[in-house]
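Next up: some structures, all given as structure tokens.
Next come two complexes, and both contain subunit A; in the first it sits with subunit B, in the second with subunit C.
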Partner chain A sequence: MQISKSQLHDWLVIHIEGQVDSKTSSKLNDYLAQELDNATNVALDLRQVPFMSSAGLRTLLLLYRRVETSGAALALVGLAAEIADTMKVTGFYDFFIVLPDLDSLQTSNKST
Partner chain B sequence: MVNPFDFTFSDLISGYVTHYDPENRSIDLRTSDGRNYNAVLTGNSYAKQTQNLGEGWQDRTADLESLLTPGRMIFVYGTFFPEETTSFEVNFIVFANEADNDYRYLEPSWWTQQIDQIGSSYLKWQFQSPEQPIDYKNYRTLISLTGGKQEQDYLQETDTISRLVYGMASAYMLTGKDEFLEAAEKGTDYLRDKMRFVDTDTDMIYWYHGIKVSSSGQEQKLLVSEFGDDYNSIPAYEQIYALAGPVQTYRLNGDPQILNDADKTLDLFDAYFRDHEKGGYYSHIHAVTLSPHEESLGRNKAKKNWNSVGDHAPAYLINLWLATKDMRYAAMLEDTFDTICSHFPDYDESPFVQEKFFDDWTKDQQWGWQQNRSVVGHNLKIAWNLMRFQAVRPKQIYLDLANKIANLMPAVGYDKQRFGWYDVVERILKPGQRFHRYAWHDRKAWWQQEQGILAYLILNGHLPDNSDYRKYADESAAFYNAFFLDHNDGGVYFNVLANGIPYLLGTERFKGSHSMSAYHSTELCFLSTVYIDLLIKKRPLDLHFKPLANGFKDRILHVAPDMLPKGSVTITKCSIDGSNYNDYDAAGLFVSLPDSKERLKVKVTLTPID
Partner chain C sequence: MDRIDSLPTDNISGLRVRPGKPLPFGVSHVPGGLNFSVYTSAGECCTLVLFRQGAPEPFAELPFPSHYRIGDVFCMVVFGLDFEDLEYGFRIDGPFKPEKGDRFDPTQILMDPHARLIAGRDVWGQDPDWQRSYPYRARVSLDDFDWQGERPLEIPMQNLVIYETHVRAYTQSPTAETAHPGTYAGLVEKIPYLKQLGINAIELMPVFEFDEFENSRLHPETGERLYNFWGYSTVGFFAPKAGYAATGKSGMQVDEFKQLVKSFHKADIEVILDVVFNHTAEGNERGPTLSFKGLDNKTYYMLTPEGYYFNFSGTGNTLNCNNPIVRSLVLDCLRYWASEYHIDGFRFDLATILGRDPWGAPLSNPPLLESLAFDPILSSCKLIAEAWDAGGLYQVGTFPAFGRWAEWNGLYRDSVRRYLKGDAGMVGQIAQRVLGSPDLYRMSGRAPATSVNFITCHDGFTLADLVSYNDKHNEANGEGNRDGGDDNHSWNCGAEGWTENFGIQQLRRRQMMNAFAILLTSRGTPMLLMGDEFGRSQHGNNNAYCIDSPLTWVDWTLLKSNADLQAMVQALIAFRHQHPALRVNRFDGPPSSLLPCSSFHGSTAWQPDWSGESRQLAWMLSCDHQTPAGDATVDIVYVGTNMAHFASWFTLPTAPEGYGWHLCFNTGDNQQPIQGDQPRIDSGLLVGERSVVILQATPTPSPMG
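Moving on, here comes the complex of A and B:
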């Protein structure tokens, strides 16, 4: 799994490539813990993530809690349909801003 | 050097009347440990009888002569005047029984009425029932002394819902009132819908810490604990207590979904919390990796404690076994009790068990608030749960440890002056000390009283010849019923001062909090009823069930209310939907339910065998 970051509009975009599973989720978790400042709107670019295990979903939940607590927003970009389905099963899909592409960040409501 | 006591102060003396002189209005009494006092009535002294929840004030000021007879238990609150001779002048007296009758806590239906009252209070506070329908959207973890709730920015913790559900299910089993079953089942459904995380990789289940709802109405699922001791981790005890309510509900309705959730949560315990090499269960795991060994767990990294090992049994595992008789649960129970017997006793160092451990079972005496301290109630809880399980899987080590704890605790964790059980104490006396120091205060928490009452009731039930056990059951239950019941607002107080006066500050003012939901107070009612009726007073007990049509496996409804001594109880009557029904195994304590497309209302009468 590769992780990089960029800035787009008011968003810190974390680009992830590869599957997020029990082997790689810790790396993502650690990266996010290091890179995120308080009150930063965060977008996870998941267009190149074909699979996310439960460990990955738990990472998203922790990230969500952290970003929400700081008053910022968290968006998931380019979520694969299968991952979206799993999130719906586990009951927390509705908590995230889910966007089809990075261009949508500009028009997204960041204050949700 | 402390000054001599040359100031007045008020306090409680609890004990037994040795002599009453009506002419001089003078009472001689002896404490639990045999010390003598004299108390003098004043013109303003008054007396009351212990009253149950739902009962009115019972004044006994005019009955002192008939009630102050030798041997009678009394609670005397008054003021010490340290003059030439110190005198103690009575403010008020609380009695624990009438004339020659049993203690009030032993009266038929005492605890059933209490659970009914507590259950109704929580239904009113949480859901405005019966005026409004029971809807767990309206549930709040935090509720005030009077039952008031926050309407915005609120928290719904999984465990506190589950604990309430346990209380509702227990209240149904004893009373048969449909509103309690409805609350138990709706709460179980809510937990499943909102708080359950099905791990799609492993098919295991774990439970969210809870849901936070903001003033804008937005819900936020909380995966990890928000509670200080366990912050940012998944603690074992939260997963354990998530099952308490649903499993007690399963005993009533046999809902296979509950059994499935429980089994898959057990899979989680087995896969991630269990130490397969050195035994026991870890207390915390990391939220992402589910490992107990992550550095980021900090002081909770690779630790084991009372809760992670010992809480399985009372919270859900004994109840799961009672409902199913499945050997998987019996094996896990045996393993947890063996683990306790192997590692918790530490009698070379302290009369209290060791409660926190490193990975290799060496003692952790540096952790947070615990340090080298003991929770009195944890010791007592070990005793009564060992005693329950030894009825099913007899082992001398279980009996020995239960007896050892029960014999040690009165000297070190009990208030011999006033009755009742202390909270957290230093495990070791320093040179010159006679009393184990209280970690913060000498207040008495409601749940610690539960442990004391149940320890001595259950040990007395299983070992009826031990009169000391009965004495401590009597004193503990009398103290609790005299001082913990909130006759103004309903439910029970969180803490009282050592002298029985309610302590109503901070979170200890609440009727609902991270610590308090209706669990311990209702568990006390449920198990007290079972042990008093079936083993101590030996009178029949009715229990209520309402199995689903697709409920219990092979349509076998197990009705044993607890792990009682083999052959001590039999079914003497069963009715289904109001009609007599005879297809039951009286000695085996199960009912073979008829084939039915509708759920059935089952009432069973259990009768003790002399």
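Moving on, here comes the complex of A and C:
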């Protein structure tokens, strides 16, 4: 799994490549812990993530809780259909702003 | 600060470990590792066996050192494991002396009886690798679901309308038009329908992990594959069935099932589980060794003095429920489902077995039933017994209830079925049934809601089949039509099975409406079978436990073709929710300000005909209550039933002053439910042959406005 970051409008975009599971989720967790020291809106670019295991989805929810506490927004961008479906039937989906692509970030309202 | 016990002390088979803690049993997360705990009273040594997910062979086997044992419990913390990519089991060595009840066999890898997540049957009906050792594999679950404040609903029992459902059968048919057929997620997609129907509790046939391939075979004539479809044979008591989860292949059935409960609760519908503690999937001495047999055979099973298995369940073995160890296991299990899954209630399959002593004799004060009744975590859970077993013990009315237990009322089913088809001598019986069976429950101080009233359930005919078949037609089960009950009390209305005869079709439709009308105006707790509200048929099969095909799957096209029946049922459920008089939960309920709490009538008001040839009975139910606006009012409902083959004029009891009768339902009228204004009825009405009328008395608007 590869992680990089960029800035788009007022969003911190974290680009992830590869699958997120129990082997890689702690790496993602550590990375996010470093980056999230202030109330920034965070977008996770998941276009290059083909699979997320149960542990991967839990990392997302933990991140959501952290960002929510700081009063900022969290968006998931480019979620693969199968991951989105798994998230829907297991209840993870309801927590997130889900956007099809990075362009949508411009129009997204932080308060939604 | 790190805990002292977060560091390993030993190295076994290349893994870092330290002595564990005996509680909780099973596997649990501790800092840096996983704590494994398993007990065996007669096992001498134990080995923890670890697999990577799906691997044919284990990657490590860790014998428990002797100082890792506390009492009869072996416990160990293993550090540095990837919990997602892990399957674990145990080997236990000890004596193999079946005549003494011991069947230890260290060549077998045993599943953790407390396993909360089980792999091996991840996708329903997908052929497993039959050669693989250790077929059902314990995995590690996190149990960290985000409920967002959702809690069990705690709807009073007497206000429930229960709907019995099979997860797969409900949405597997393409006609269900769900995105996830046959799964928990598919069932969630049907919540809007169930909400509209008006039920407020769903009772799920077994969802504890079971193996659909258990006793699977090909039909001797058709070659069709037969399954363990119903699932009354538990593999793991703490794990939801993976094959019922759309996400079972990624091992997320725990989250998916919790999301199901959360979704139902959001819709104000309770979730009740049908639980099977009377036996397990290990069968008798010829069955497989999966877990209990190899862990502590004589503790878990009722054995004859020669070491054979007692078979009170009719399925090979009998769980030794009143052994203290097994009792704890059952209690642990139910507490887990109540606290971790927010389950609202449990229906116990063949619950009578839970009251037998280790030698099979019925106990007068069964400790397990008592423990469940008084448990602090289960205190608001519904406990519902199927109060009979396959060993011939029938306890409807005498099940040890401890003031808490409700029962499936088999007598309600039989009495109403017989009354519906016009049997003589039923009127007295019906009078008991519609008041919650005081003849069964009053003496022991129980309440009407003790009685779960039902006419059909998964076991037996569907309602449409009850009015279409005199005899069972179980050929599809591959046992030459020998299986299934013969005491169905059914009547085909003039032709066996499907018929073109319009008159017969009309009569069947009316009989179904009659059944629902009686069921939903009886005191007690009504239960409906899935799909009966739109005439679901199993073509006369009254024991379709092994059929996974359109025969058992709910056919949702019937919702359109029998829309009138469905609308009637929906209206009847709404009527029940609107009328507290139908839900009075006392046998000696106080009279309302105007009328007795209950009274019986015949075709003449206040004069029921109790004679053997009478096939007419009416009941009037009343109680005081407050409208949602806070106004004091009196609820009055009259139900007139005529199961004779001729129409009769029923005179109504005079409505109290200021009240007038309105006709709400008349199954003898084709236009049901009644649309628009309910017709005012003055002194009486003609009740057609084999028909039911339901009226309410409401305050007449005063002329002054």
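The rule is simple: the second predicted complex is superposed on the first by the 112 of 112 C-alpha atoms of A that agree within 3 Å, B and C clash if a C-alpha of one lies under 4 Å from a C-alpha of the other, contacts with A are read in each partner's own complex, and residues count from 1 in each chain.
To be clear about the criterion, a contact is a pair of C-beta atoms (placed from the backbone, for glycine too) under 8 Å apart; a residue touches a chain by one contact, two chains touch by 3 or more.
None of these values were measured; they are calculated from a predicted model.
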Figure out whether A:Val98 sits in contact with subunit B (first) or subunit C (second), or with both, or with neither. neither
Touching A:Glu68 in the superposition: subunit B (first), subunit C (second), both, neither? first
With the two complexes superposed on chain A, say which partner A:Ser22 touches: subunit B (first), subunit C (second), both, or neither. both
With the two complexes superposed on chain A, say which partner A:Met1 touches: subunit B (first), subunit C (second), both, or neither. neither
Touch check for A:Ser54: first (subunit B), second (subunit C), both, or neither? both
Looking at the overlay, does A:Thr86 come into contact with subunit B only (first), subunit C only (second), both, or neither? both
More subunit A residues touched by subunit B or by subunit C? B
In subunit A, both subunit B and subunit C touch residues 21-22, 53-55, 58, 61, 86, 89-92, 95
List of subunit A residues in touch with subunit C within their complex: 21-23, 53-55, 58, 61, 85-86, 88-92, 95
Under the definition above, what is the set of subunit C residues touching subunit A in their complex? 82-85, 142, 144-146, 179-180, 183-185, 188, 245-247, 250-252, 255-256, 258-259, 262
Contact set on subunit A toward subunit B in their complex: 21-22, 25-26, 29, 53-55, 58-59, 61-62, 64-65, 68, 86, 89-92, 95, 112
The answer for subunit B against subunit A in the complex is residues 193-194, 196-202, 218-224, 287-290
